[in-house]
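Both of the next two complexes hold chain A, though its partner changes from chain B to chain C.
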Partner chain A sequence: MSEMWINMGPQHPMTHGLWNLRVQIDGELILDVDPEMGYLHRGIEKISEDRHYNEVVTLMDRTCYVAGMAWEHLYILGAEQALHLQPPERAEYIRTMSEEFQRIASHIMWYAAFVQDLGLMSPFLYGMRDRDLLLDLFQSYTGARMTYEYMRVGGVRNDLPHGFTDRARKVLDWLIERFQEYDQLCMGSDIFRRRCDGLGVLSARDCIDYGVTGPMLRSAGVARDLRKDRPYSAYDRVDFDVARATTADVTGRYLVRMEEMRQSVRILRQVLDWLDHHPGPVMAENLPRWLGAPYAPIGREGYLLKREYPKGVGFAAIEEPHGEAAVYVVNQGGEHPYRVKFRSPVYVNLSAARKYLVGYHVADIPPIMGSVDVCVGESDR
Partner chain B sequence: MTALPAPPVPWPELLGEALVALEPMEGTSGRIRFRSADAERVFRAVHDAGFHHLTMIGGIDWVDHREVIYTLWSDAGKTYLFLSTDLPADHPTVATATRVWPSANWHEREAWEMVDIQFEGHPDLRHLLMPDGYEFHPLLRSFKLHEPEDLEVKVRHV
Partner chain C sequence: MSASLYSVAHSLVAIVLTAIGSVLPSPLRQGITNAGLITALGVIVFAAILLIASMLNTIVLIWFERKLLGRFMDRRGAMHVGFAGLLQNFADGLKLMRKNTFRPDEADGLGFYLGPTAYMVTSLILFGILPVSTGWNSGVLPLSLLLALVVFSFAPLFIFISAWSSNNKYSLMGGMRSAAQMIAYEVPLLLSVVAVVVVSGSFDLNTIVAQQQNYWYWGPLFLALLVFVAAMLAEMERIPFDLPEAEAELVEGWNTEYGGMLFAFFMLSDYVRALVGSFLVVLLFLGGWTMPSWVPSAATSFPLAGIVWFMVKVYVVFAVFVWIRASLPRVRTDQLLRVGWNRMIPLALLSVVLAAGVVMVKCLPIFGCLPNLGI
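Entry: the complex of A and B
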């Protein structure tokens, strides 16, 4: 027996971010693993206690840099409940649209990075090319490509620009054809299938015990999707199916994400049609001045007003591209949240690493960890 | 967000004396305040009532005392439930939930290093997000930002 611990990370092509996977090996066989986190911990929960409600949105983009809109959406839903505010319907649809665009962008990013880990270079380039179209869309209505700072307590910062929905539909038409090409490149490739089939199996029972959510859980056959089970924003007014697989392995996770992108296109088409026919305000009426960010800029006099706001506790949970994300906002009547607690799906999915890595070989780690879709920004917060 | 119907679970009968209060919470099944001494029994009862998925564990520092909040999800009822317990600031100790929900492991490690809550019986209570040897608990209200701190980070050698 020649057992030893090796470090994969914090600088390793497999990690896709800064974290360290300590692996105990005997030859090629994995005996034990111990993920070491914290390299990207920025104390976002602590900083939030020192920030105005709308200023926390800026931090949310940095929390997960490939799914910024989803995290903005999550935090805003929690903050609105804590502050007893209701956004207008159009804002809800725009948020739903933003989250779905973000889901496709995040999944394409995952696809590109994951397939590159397996040694296939061209899918990476195709993925990045198509993701850029989505970033262009984001830029056209938020002004930024990754750190949007778009959502506000009580609505969204601005309405969509003229002609946006038509541009968005063109992008969707382009993407839906590309998804087919992605599938042909991967599922039709013998090399891909041999490196993915039957690897990293995590049964439905283990997924639930260890809190694993998102595509990993759905690849084990459990159709839990908060967009369906506990609809928020406009998800109760659109039709879509929950993607599922039954193999619980790397290929299953791949198939679930591919199907999710197609379902996102389906949701987006309905949302864009709705937005075409329902103009209206995108910010709630009668907001306190300090909250009406587009009208009274933060940092002006509104910021300095000391007022009493009704206390409250906000809780929100959304189906983020990586899984179930949740937030708990405590409002003690001040201008800053008293405490903000986030649940990051990647954090929990990584904590179960021992369950889906032990027993496989060292060469299997890149495909398995790739299929988890690690975003260290949101895991460490 | 649509409000869900009231929980069909008869919590007072299930939990008995361990139940301190049952508070409603918008869009969820509400919040159960329980006595920290009976934690283990409460976890079991709630788990057996269908709440198999632990979403998160968070600690809050209320200065005079601390609070631990467990967020749970039931696949059958499609609803969230909160458990919360108050702990004295001078002795913030509660039984671990890892025996009931294995996923509590990292959540408790984080709550310990951030809010200084001791989890009795936790299999592996060591630093996770903070470096080894870090002696502060950043999410306590007494930990102020923008102040210099003397910190000697020990490097772990493997």
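Entry: the complex of A and C
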């Protein structure tokens, strides 16, 4: 066969979203690739400028629909810095807990999609089944399963319901056993190893050059994790290890994510214990009234008044399930943020596609792109 | 059951035609009860009964797979249409039938329509070749095994024709993979069958089954069975060897451009081939419709016992295929080729040598002796 370009996307089973991977192939060999993104651009950054600080949280859930909590957390950290607010300690712990639950849910979702690309149908459904337990937990304290709108500037919307920590512990016990099962199904399978070992190699040097972060970077042997390196919320008060692999390939990324889920369970056990013993407020006291905290219901006049508030800028970066996400919030004194800018890890990880795809086979594209963990809502914003 | 399905169909036609003839005036009566006409109509009725029976079986097989896969995946499978979802496949088939058959502008008309039709026809022919109980078609086809394998291996050709004429890059790649796959598995498949032929001394499936009266071949020819099942999985294009239609990278592979009834042809033929593959495993290695002597004779002597036991075995074999599908990822083309040439062919050759050994020693310690059928 001669060389030809094929479009894998925008509607293609491999994409898991709406983007286009143009691939130049010779038979089964990949000669060149050209990722095209932007099909799902909704202008979230621009819309944010037109919203109250707490209303932006709604958009954050839609930024990455499988990791909504992490993006809420990111934005709230940036906004609080810009507004010079400090949340109570219990709220910080609840946020940490939410982000870790979200990390497990996101990684399970990744696992399900990844193995299905390899032709494994059963683990896909096992993954979805187990993720459902986490969504049930989210539903029990936020009221929603995917778009939570839970975090607020200055704290979180409501405290945890009665008996939540015990339910959560039960789920964690169940999940730890299931992770074992996942590993047996994948790492125990010779075909799986043949499909994944040595594929999509992106060395530590290349990762750093391209700005690739998250499990991809850690699978190349770099122990970079913002939860350790630049702790936020309650991460400096919990004990955990940074998952790491050295092979820099698809198997490495798989192992890193599996280990991260186990570490998340470890973090969550500590956080849940802390939450059991430290009741308290979950919302800051000195909030400006127009922020619409539950303790200070917003009135009609709140929207009409022009108010003066100390100006400021906020920068926050968190270790999102897909990599390092950052936000820059500019507060010019108005009731809306003046500018909100996000850094999406998926966008950066995808743009290095040429580096880790060229030279492999067409059949390797699904496992390699699956191991990147694409979330298009997030990369296109 | 000594009466074959054909003779049943033949006498059915004879009775009906005689009844019709008895009320007609004599010149017409003689025309209608003519032996040639009865034979011709008998063949048609036979084919119709066979077609309906095998189609029903295929549809039940799809239901069986859906339910079993559901159980493997911790869910229930089809539940709502009919009892336990038994009618779900009929509903799906009706839906596909009502759909518009669509051909891309640039596609080649002849190949586009010939591909699925021929694929379907060659798959269905196999039901006429394979016996499912004693005397099904004995004496008619002394080389039935060879014929079945030849017809079975037509499929990649038609897949390739329909893939090429679809004028779609994904289809073309799927067709190429199908061709590559054929090269990889056809040789070990035939070699593993040679082992069976060496032991049984016949290409007639009826004789092969009759030869398994003392022991079924799966024990002594275990190596051949392994190679045969692996090659059969590739032939049926099921996971882990479903790379011609690997939906993750090739959308739907060679049937990307097909919709409506043409897609249903492909889908149905895939299951027909899965059923036929299970038939072949049972016929060659699991004793066909015979049961071992320790089974009480009450369980093997009721009417149609042969067919019942045969189908039980077929579904057990198919359940293993479903199990494999539920637990393995798919391999890559180059890996399939490597496994086919480097592993399966030597193993198949070894199994032929072992089969020759079995024939040489005649009697095996646990299994017993080969029967002497005077062949």
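In this section, the second predicted complex is superposed on the first by the 372 of 381 C-alpha atoms of A that agree within 3 Å, B and C clash if a C-alpha of one lies under 4 Å from a C-alpha of the other, contacts with A are read in each partner's own complex, and residues count from 1 in each chain.
Heads up, the rule we're going with is that contacts are C-beta pairs under 8 Å (C-beta built on N, C-alpha and C of every residue); 3 or more make two chains touch, one makes a residue touch a chain.
Here the structure is a predicted model, which is why all the values come from computation and not from measurement.
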item: Which of chain B and chain C A:208 touches, first, second, both or neither; value: first
item: First, second, both or neither for A:380, with chain B first and chain C second; value: first
item: Which superposed partner A:167 touches (first chain B, second chain C, both, neither); value: neither
item: Touch count on chain A, higher of chain B and chain C; value: B
item: Which superposed partner A:266 touches (first chain B, second chain C, both, neither); value: neither
item: Residue ranges of chain C touching chain A (in the complex, touch as defined); value: 69, 72-75, 169-170, 172-173, 176, 239-240, 242-243, 246-251, 325-335
item: Complex contacts: residues of chain A adjacent to chain B; value: 5, 7, 22, 37-38, 41, 43, 45-47, 50, 77, 81, 208-213, 222, 224, 229-232, 236, 313, 315-317, 324, 326, 328, 330, 338-339, 341-343, 347-348, 351-352, 380-381
item: Of chain B, residues touching chain A in the complex; value: 1-2, 4, 25-28, 52-56, 58, 60-61, 69, 71, 73, 75, 78-80, 82, 101-103, 105-107, 114, 127-131, 138-139, 143, 145, 158
item: Chain C-facing residues of chain A, complex; value: 1, 4, 6, 8, 12-14, 27-28, 115-122, 124-126, 129, 185, 189, 191-192, 194-195, 361-366
